[in-house]
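Note that subunit A is present in both complexes that follow, paired respectively with subunit B and with subunit C.
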Partner chain A sequence: MSDTVSSFAARHRRSLLLAPALIFLAVFFVMPLFDNSLRSFAPEEGSGFTLARYAAFLTDRFYLGVIVETVVLSAAVAAISVVIAYPVAYVLVRKSGRFSGMIVFMLIAPLLTSIIMRTFGWQVLFARRGLVNQWLVQDLGILDAPLRWLNTPGLAIAALVHVLVPFAVLSIASVLQGVDRRLEEGALMLGASRWRAFREVTLPLTMDGIGTGAILVFMIANGSFVTLVLLGGGFQTLPLLIYQQFNTTRDFALASTMSTILLVIAVGCLWLQLRLVRRQGV
Partner chain B sequence: MKLNRRHFLGASAATGLAGLSGLPLRAQENVLNVTAYGGVWEQAIRDCFVAPFEAKTGATGTVSLGGPAQWLAQVEANPENPPLDVLIMTPDLAVIAAEGDLMDDFTVEKLPNLADIPQEFTDACLGKGTYFDYGVGGITYNKQYVSEPPKSFAAFVEGVAAGDFIASVPSISYGPTPVFFLWALNNALGGTVDNVDPFFEAMAKMKDNLVFWAGPNDFFNHLASGEADLGIYFDGRTWNHVDEGVDWIDFINPEEGGAMTTVAVQKPKHASPLAWDYINEMLDPVNQSKFADILNYGVTNKKVQYSEKLAARVPSMSDAILPPYAEIARVRNEWVDRWNREIGM
Partner chain C sequence: MRLTDILLWLFTAAFFVFMLLPILVVVVISFTSAGYAAFPIPGWSMKWFARIFEYQPFIDSLIVSLELAVVATVASCLLGIPAALYLARSRSGWATAITTFLLSPLSMPMIVIGFASLFFLSALGFGVSFLALCIVHTVICLPYVIRTVTAVYRGISPAYEEAAMILGASRFTTFREVTLPLIRPGIAAGCLFSFLTSFDNLPVSYFFGSAQTNTLPVVMLAYMEHQFDPSIAALSTLQLLLAVVALIVADRLYGIEKMTVAT
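Entry: the complex of A and B
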């Protein structure tokens, strides 16, 4: 008996090791997700199946606008984050030397603070009578009157980028670290300028990191809630609308419809971005 | 015995399963699971209601933190075996829960202290609950920047529209907004439950000078950081800030009367019978006085004697308007949809 058990365990060792994680995911992720989706297809009364909520949602200009705004905001945050993150990752991997540990710590340190506290920090800094306006109006005399920064799209995007840039930096840095520097040196020896060597050798070789960073940031921005609810920015996004259905209107079926649509958008964008990255030949 | 990794994993899994089987997935016989908002609320619930309940019954009270929408969803998910025995509810959700036949009837036989609660508060919960605490939504302002605050909702709208003040008002994502802001302002401006045009017209006039708060702490940040000069907020929370040493903040109950923002208590059907003992403690005048002193909110037992400080702060029930919660519940989702489309989230 003992031998039989041992041989079964030996044959299925990999599956057995994976089983706890798979069971956990199935019970606490896949099943609730499935149940949530089912609710969106349930008719108002009785049993059955209906697409009425999806039809109503996807034919309403207001809701379509919310979907577009959610995707455009996430894409903008992902693009800005990658642009900011690449030079930071480059310096971290290539130039920082013994300071690399410190840079990594400085990147990660903000993530150790509650996102609510960080967002309140933006409120304090950029309030009408906050530090930034005080500096611009009273100390430097650049402005006559304080600016209204809060509740503007620019500040909401800046706050999201601030939260999400570290994810992009770490994704790009991990790939950049694996790039063989001799390839760039070869390009330089063959007469390429530094910029051309970067553009035609280093950048293509790090597309995987850029893609991963962009996907990661896009996904998190797609579902981001706290920053937008506190800093507003006038954005109307699906996560805000979903929260409202639970907290204010208690329309759980509509919330399920929206969350399923948000999930489909996220998966669709993930698939698209992966295809784009792979098309680069990486 | 040699302990290898396989043995370790097996033992861990067995221990975990054994532990799971002992989880208190359902309230045990001598344990009552009650609800509270976080922060000072939780402590007040523990000190003023849970402690005397435990002393009298010998049972244990556990406190679940969260919000009414979440608690009601938990009971709706498992009405035959509710995970919570006593619910703290917003008035509109109390009506929904009562209409859904999820809650038990409140009677003086079960709750002797109910005799001293105004009948209208029990009627407002369709007899399946009652109000135990109330505040008023009004105008909170920063005295450093507002020397002549508006005394009425109408003056508030005029002043904000004219750019005399930047106002912080609750966003539609905050659960009580449809009642204590939308209905209250609309009512003050001559609207009705079926005609909220006055509210939306006023918001359109004020839009350039508004910021929105998502939660009470957010409002205080708006005032403290100077983003806003005044706004729509609660009396009790304002006085709590004053008691914490904030000397620049003050509150006005608008002349038209602010919306009475009540907190209801309900017992889900099939919840522990011990809930009656606990709710009776919640309605007790001595316990309610203590609760009011901590939270700076009015309480509903007619026999309550407020301290001198509190008596000056708590508006009498006649100085606030009890919103028609049942009527509002009927049209609330239409209001929210209109807000989303005309004002934004």
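Entry: the complex of A and C
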């Protein structure tokens, strides 16, 4: 446009397109979270500002343990997911050929099912007289008596991995797709073994995919509670405690404190994720 | 085939058994003739699907969930498409920051969004109502529409719109006749994700439960805490069927590849 003044006006008129979404999220997303944090700083009586709840939270052994357990559980789920996801992503990108469509479909299909459906499946498979115990005791004869699986930490972790591992596969696969195969072939030609070429060329080049996948899984695991409510496992995590506070204890200020801590962890993860994405130059 | 390749394929096969077995088991159980949920099943029957329609809370909450998913998706489109149109054509630093902000509800723990919104919306006077549910669901669905439409629109050359304008079309005509048809796959993908996300949501809907506002997942969770019968399996199977049909329809209309560009 020749007239700079009108182009300036037009540009600013265009930015009005952003207004509805920005205002909506400012009011109904930022304000509730802000309001929630305020509640955690409000004293029991009167008005003012107190850090007492955070001080109590961070000095109490039980609550400190809950924070540690939340982070350790999510980290474990993230680590297991990434380790399982890598070979699958590798097969999908490098080996699958004409099966790649089918693999993507099988990866996406579980994402379309509800958490309730998957949990129900786990409960049936691992019931005392369920399929897994039947295999282990009668068909394979590995065990003498059926094992108790439900309400064990292992099964809860497996169920969380089941929900989140597709995200790790997709993150790693998208980075692996961008790695030039010739780099690995070059290493092979120069005499490296296949394992060494993988370890020293391909793996370092896909570290960003592993990073984004792990953070994504960690982030979602950190906030999830439905799986833990239904499958037990004896975990005491922040979301689970918020759920209990809301249902039974009804100490809403304490629940606000816990959700604010959870929120801070989430914002930290988001920041890390953005840094990784920037480095990839996407 | 080398040994490592065989091992890799075996691992992948085991992985998909792990991924698909819990789901297939539920689908099979929904057709059981037994009165309890166990696998393998003694015989086939459709009675648990009939049972869904006899249990009024399932039907009522199914209607709430469908209405909610439609409202949240439409609202997300109305708010999200204009924003996406702007963001896709802007490369400045603050546009990136705004995109990050508009997508950030995806990264926040759902339980915190639900808990915080309940108190905030109650203070505003919406309380536990269908309107409150619609607002919170729009918060979590909006990022999907923005993400998919932005990605698709970014891949479309501005030359088409410029050509229309040079040929004398007004801004509105250009939008209606050129832009809108081109970004339709992005809108379709956004609507699909938005609808399925809303329909499946439990951690947010949970906080807004009442006789009038219980969604299907909330009722299923409550049901599961007291009973363990195959009607939950039948409902889950129906839900999966709905999602698969939606995906296939979207694929036929726009092609799944075009839509996954956006994700």
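Quick note on the criterion: the second predicted complex is superposed on the first by the 242 of 282 C-alpha atoms of A that agree within 3 Å, B and C clash if a C-alpha of one lies under 4 Å from a C-alpha of the other, contacts with A are read in each partner's own complex, and residues count from 1 in each chain.
The working rule: a residue touches a chain if its C-beta (ideal position, glycine included) is under 8 Å from a C-beta of that chain, and two chains touch if they have at least 3 such contacts.
Since the model is a prediction, treat every value here as computed from it, not as a measurement.
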Determine, for the superposed arrangement built on subunit A, whether subunit B and subunit C clash or fit. clash
Quick check on the superposed pair: does A:Leu205 touch subunit B, subunit C, both, or neither? Answer first, second, both or neither. neither
First, second, both or neither for A:Ala187, with subunit B first and subunit C second: neither
With both complexes overlaid on chain A, does A:Arg128 touch subunit B (first), subunit C (second), both or neither? first
Decide which partner touches more residues of subunit A, taking subunit B and subunit C as the two options. C
Examine A:Ile157 and indicate which partner it touches, taking first as subunit B and second as subunit C; both and neither are also allowed. neither
Contacts for A:Gly232 in the overlay, against subunit B (first) and subunit C (second): which applies, first, second, both or neither? first
Going by the contact rule set out at the top, does A:Phe62 touch subunit B (first), subunit C (second), both, or neither? first
Kindly classify A:Leu241 by the partners it touches after superposition: subunit B alone (first), subunit C alone (second), both, or neither? first
Answer with first, second, both or neither: which of subunit B and subunit C does A:Val93 touch in the superposed model? neither
One more residue to check, A:Arg14. First (subunit B), second (subunit C), both or neither? second
Of the stretches 23-31, 59-67, 95-103 or 167-175, which one in subunit C hits subunit B? 167-175
Both subunit B and subunit C touch subunit A; at which residues? 20, 120, 123-124, 127, 129-130, 230, 243, 246, 252
The residues of subunit C that touch subunit A in their complex are 4-5, 8-9, 11-12, 15-16, 18-23, 25-26, 29, 37-40, 78-80, 82-83, 85-87, 98, 100-102, 104-105, 107-113, 115-117, 119-121, 123, 135-136, 138-139, 142, 146, 196, 200, 202-203, 207, 217, 220-221, 224, 228, 232-233, 236, 239-240, 243-244, 247
Residue ranges of subunit A in contact with subunit B within the complex: 9, 20, 62, 120, 123-124, 127-130, 150-151, 229-230, 232, 234-236, 240-241, 243-244, 246-252
Listed in rising order, the residues of subunit B that touch subunit A in the complex are 6, 13, 67, 69-70, 72-73, 93, 96, 166, 171-175, 177-178, 211-212, 214, 218, 221-222, 225-228, 332-333, 336, 340-341, 344-345
For the subunit A and subunit C complex, residues of the former touching the latter: 14-15, 17-18, 20-22, 24-25, 28-29, 31-33, 35-36, 39, 84, 87-88, 90-91, 95, 103, 106-107, 109-110, 112-118, 120-125, 127, 129-131, 162, 165-166, 194, 219, 222-226, 230, 239, 242-243, 246, 252, 255-256, 259, 262-263, 266, 269-270, 273-274
